[in-house]
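As structure tokens, here come the structures.
Here chain A shows up in two complexes: once beside chain B, once beside chain C.
And now, the complex of A and B:
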């Protein structure tokens, strides 16, 4: 190992410390007995016990999970359909759809969320879980179309054409030939969609009526009221859950590619 | 047959179109309409069409000051992400090999998947007076003054850099690792120093990734409101937090809408102005 790569490794190590230190400290303080984060550290599960009895948080957690599941199913289905059309059925108007995919990624979420609040309020859609579902699907749709589209691009159309020649109708071709080939891409896209919805704060915050919240909205409210180690406890649970999810994603989707 | 394929294609994209219309196009159009209303439409009072909300931005120093603050915040956070993230991506792409590279890349991306709100909250543990940094200092140096920097501008910058650094590392890494090694070897064989190889070959070829990273960080940071609220205390007021107030506290939606579009226009103008400069550099690659 040369001096240059030793220095490089040291630098990467420092970056990882910067990235993980606050998260680790936050997690550790959830196991500290003191309610005002005082040291010395005394191990205690009191905050987790208190969390277990917090009805509001549990309801918010259930909303978050249900919302993320519904959003994942809808986004994956309509996103895969759109990706299929974009790569296999070249029709007019595709450029329009491709342009429409940009705003959810390029406009600050604050502006998207507030514009949805105005439109949903005056169009009668209103606020609530259904409004959040509309928003979460819109935000994750571009990512699903891109991930599934990339997978579709990496396969030649020979097999699909062969199936069509042998008399399979478009439905049969899709379910028996295309879908098995793109399955890893679809699975990765679904997990992306779940992550985006489960972590979504900005749109949920503006679209939640009093009493109907998700975990991030509830956590934000608690932080603004004042810190308690209970927030550390629920945060720790969410982080562990989210990271496990990404480890699963990485098994489907290789980051960085081989070289 | 061709016609039938066209219908299938339209049918497959229809749900995505409809969804994006209801959640993005119609709302943005309605917000644009709202930004030209004289006041919030409530009760019987008919609001009139007016430029008053936009005029507020140009007449009141307060809003321009806030816009400037938000842009500076975007600039500082992006700058630190470039300065810290680009070298990290460089080391990862050009010096680290094999399984290590994949593992470190995954470690960099991993927390960026966990909730942004929680990561910002984690910094309050570290930065506050009597927080971890402070207590460590007092443990080593009893009697040292407190250095709680929570509720200050630097705290906002630190939290946001932490949140967005993985974007920069990832986008720079992708363009850096795609550089053909033979180009670098050719440069070296022709007698170029390491610095020249970096300046003339590696940097120009990695600019697209750097640019994507800058856009991905600058745009959301300029519109940030949650991070300044949690980490900024009295320093928290930004254009984003004022827009949030118009919708959640003050209920002046026309003003919020006008400020949102002004923000969007400023960001677009910046990128439009930077585009000719970048286009020439990007063409080299």
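And now, the complex of A and C:
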């Protein structure tokens, strides 16, 4: 092995360690008996057992999953339709609409969340899961439109024209030609949307009334009360779940893959 | 009755006129070529017939019915695109079955009709493959099969052979024409390749800047172009310019700028007016300066010149001959005893009917 490739491997190794070591340590500590992360390591499932009995955390978890699923479905449908409109039709104010997609991604979530809190308060929408859903949809919509839009750009529009000449009406064209062609983009966008919602702390924190929380908000609250390896346990479950999701999706669709 | 009628169709994009008051009629079972350089409006017209372009004014009729307000998918047309536009996520069978399945045809009938049409394009065994596993020529045939399987009223071809290499293209031209005859469908072809238009078409319309310059059978347009654009776009040609010297005894005469008098079987304008005639390179007979003229009583044009440059191609020789005022291209089959060389004095002869008077 040459010096050059050895240095390359070392570099790659360091990056992997930098990214994954904290996660691995966190996961391992979830299985340690000590409540204050003391060594030597003694294997125990105590924290997982305790987690099983933690009603508040479970309720928050269920809220998070339901919220993320609802937000993903709504955002993916609306976002795909919007991307289609922007790329296939000459919408009035086309350029302005496209530019307006970017500020929500650039403006810090803290600012967006504050403005939403104020707006929802004055408009009577108030706080609660419905308000969080609105906020999550609004936050992830630009990402979905851009990801699906990129996919729509990359496949030739003449496939849709061909379908029309072959007698397919607009609905048949969409479901039998367009959607299968952009499916990898739509799947990626849905993952984004799910991630943004499931991971969302700031807006959820602002918009959660007492007693209704999501997982990130609840985890934050628990940490403030006092750190226990229970948090490691729930985090480990979340990580494994996300990894599995990613593997499944990337099995179905080759990401960024060729047509 | 004509199958498709284009009536005074115009299309403007802002200030740009893509089509300017075009009227054409395509007959039953006719293979019609729309020929012209890019930007001449031929593709705009084809896309108007398909329904992708909405004409600013005018009417398009299929079998006598106005289709202007009918969306593409209800127009009952078949179209082959330059890049074939096969659906990459479907098998060949699914691609060809698509027009039938969206129309709700029963599975058993779909299977037999797809099998028949795949047989027609000689790709019966390829049903389970994907488009990307096929060669360019095979994909082209599948695109054709897919466009024909629903038995549409009109077949539209948008530069269908443009992506193929030259040998394959020539072979596909013959096949395409054969399939079109077998199916008996009115076909409209867009191409910028004059040889392709000539090989395939029953009739041709030549487009220039959104207007039809000339319509006719390929031989009509080649032998009797009506203007310089049609003459030049449809094969090589020479221009001889001069002033009218009047009509006499069924022949018009033109006094060329160098003083030579040239006869034409066309009618020339009034005495003294500017006239441009065109002569195809192969219409000239080239002979040594002192060779005797053929004496069969026919009036024949005579022009002497000097060989500037012979271009030897094997089966033929192309001579560039200067007459002093102009340089002419002369095409000769390679069967004479000797070839002319640079500097040789030569005489060019051609018949009056081969000197075509151009308009404008």
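Operating definition for what follows: the second predicted complex is superposed on the first by the 243 of 259 C-alpha atoms of A that agree within 3 Å, B and C clash if a C-alpha of one lies under 4 Å from a C-alpha of the other, contacts with A are read in each partner's own complex, and residues count from 1 in each chain.
Convention: a residue touches a chain if its C-beta (ideal position, glycine included) is under 8 Å from a C-beta of that chain, and two chains touch if they have at least 3 such contacts.
Note that the coordinates shown come from a computational prediction; the quantities given were computed from them, not determined experimentally.
Trainee: Which chain, chain B or chain C, ends up touching more residues of chain A in the combined arrangement?
Mentor: B
Trainee: For A:19, select first, second, both or neither according to whether it touches chain B, chain C, the two together, or no partner.
Mentor: First partner only, chain B.
Trainee: Looking at A:177, would you say it contacts chain B, chain C, both, or neither? Reply first, second, both or neither.
Mentor: Once the two structures are laid over each other on A, A:177 reaches chain C alone.
Trainee: Let me test your reading of the model: by the given contact rule, A:162 touches which partner, first (chain B), second (chain C), both or neither?
Mentor: Second partner only, chain C.
Trainee: Thinking of the overlay built on chain A, is A:56 touched by chain B (first), by chain C (second), by both, or by neither?
Mentor: In the superposition, A:56 touches no partner, neither chain B nor chain C.
Trainee: Looking at A:34 after the superposition, I want to know if it touches chain B, chain C, both of them or none. Which is it: first, second, both, neither?
Mentor: neither
Trainee: Return first, second, both or neither, reflecting whether A:153 touches chain B, chain C, both chains, or no partner chain.
Mentor: Touch status of A:153: no partner.
Trainee: Check chain A for residues that touch chain B in one structure and chain C in the other, and list them.
Mentor: 170, 259
Trainee: Which positions of chain B touch chain A when the two form their complex?
Mentor: 5-6, 8-10, 12-13, 15-17, 19-20, 22-28, 30-31, 34, 84, 87-88, 91-92, 95-96, 101-102, 104-111, 113-119, 121-126, 130-132, 135, 162, 165-166, 169, 173-174, 177, 215, 219-220, 222-226, 229-230, 240, 243-244, 247-248, 253, 256-257, 260, 263-264
Trainee: Where on chain A is chain B touching in the complex?
Mentor: Residues 4-5, 8-9, 11-12, 15-16, 18-23, 25-26, 29, 36-39, 78-79, 81-82, 84-86, 89-94, 97, 100-101, 103-104, 106-112, 114-120, 122-123, 134-135, 137-138, 141, 145, 170, 195, 199, 201-202, 205-206, 216, 219-220, 223-224, 227, 231-232, 235, 238-239, 242-243, 245-247, 250, 254-257, 259.
Trainee: Contact residues on chain C for chain A in the complex?
Mentor: 50-52, 71-79, 81, 83, 85, 87-89, 98-99, 102-103, 146-147, 150, 156
Trainee: So in the complex, the part of chain A that touches chain C is made up of which residues?
Mentor: The touching residues are 156, 158-159, 161-170, 172-173, 176-177, 180-181, 259.
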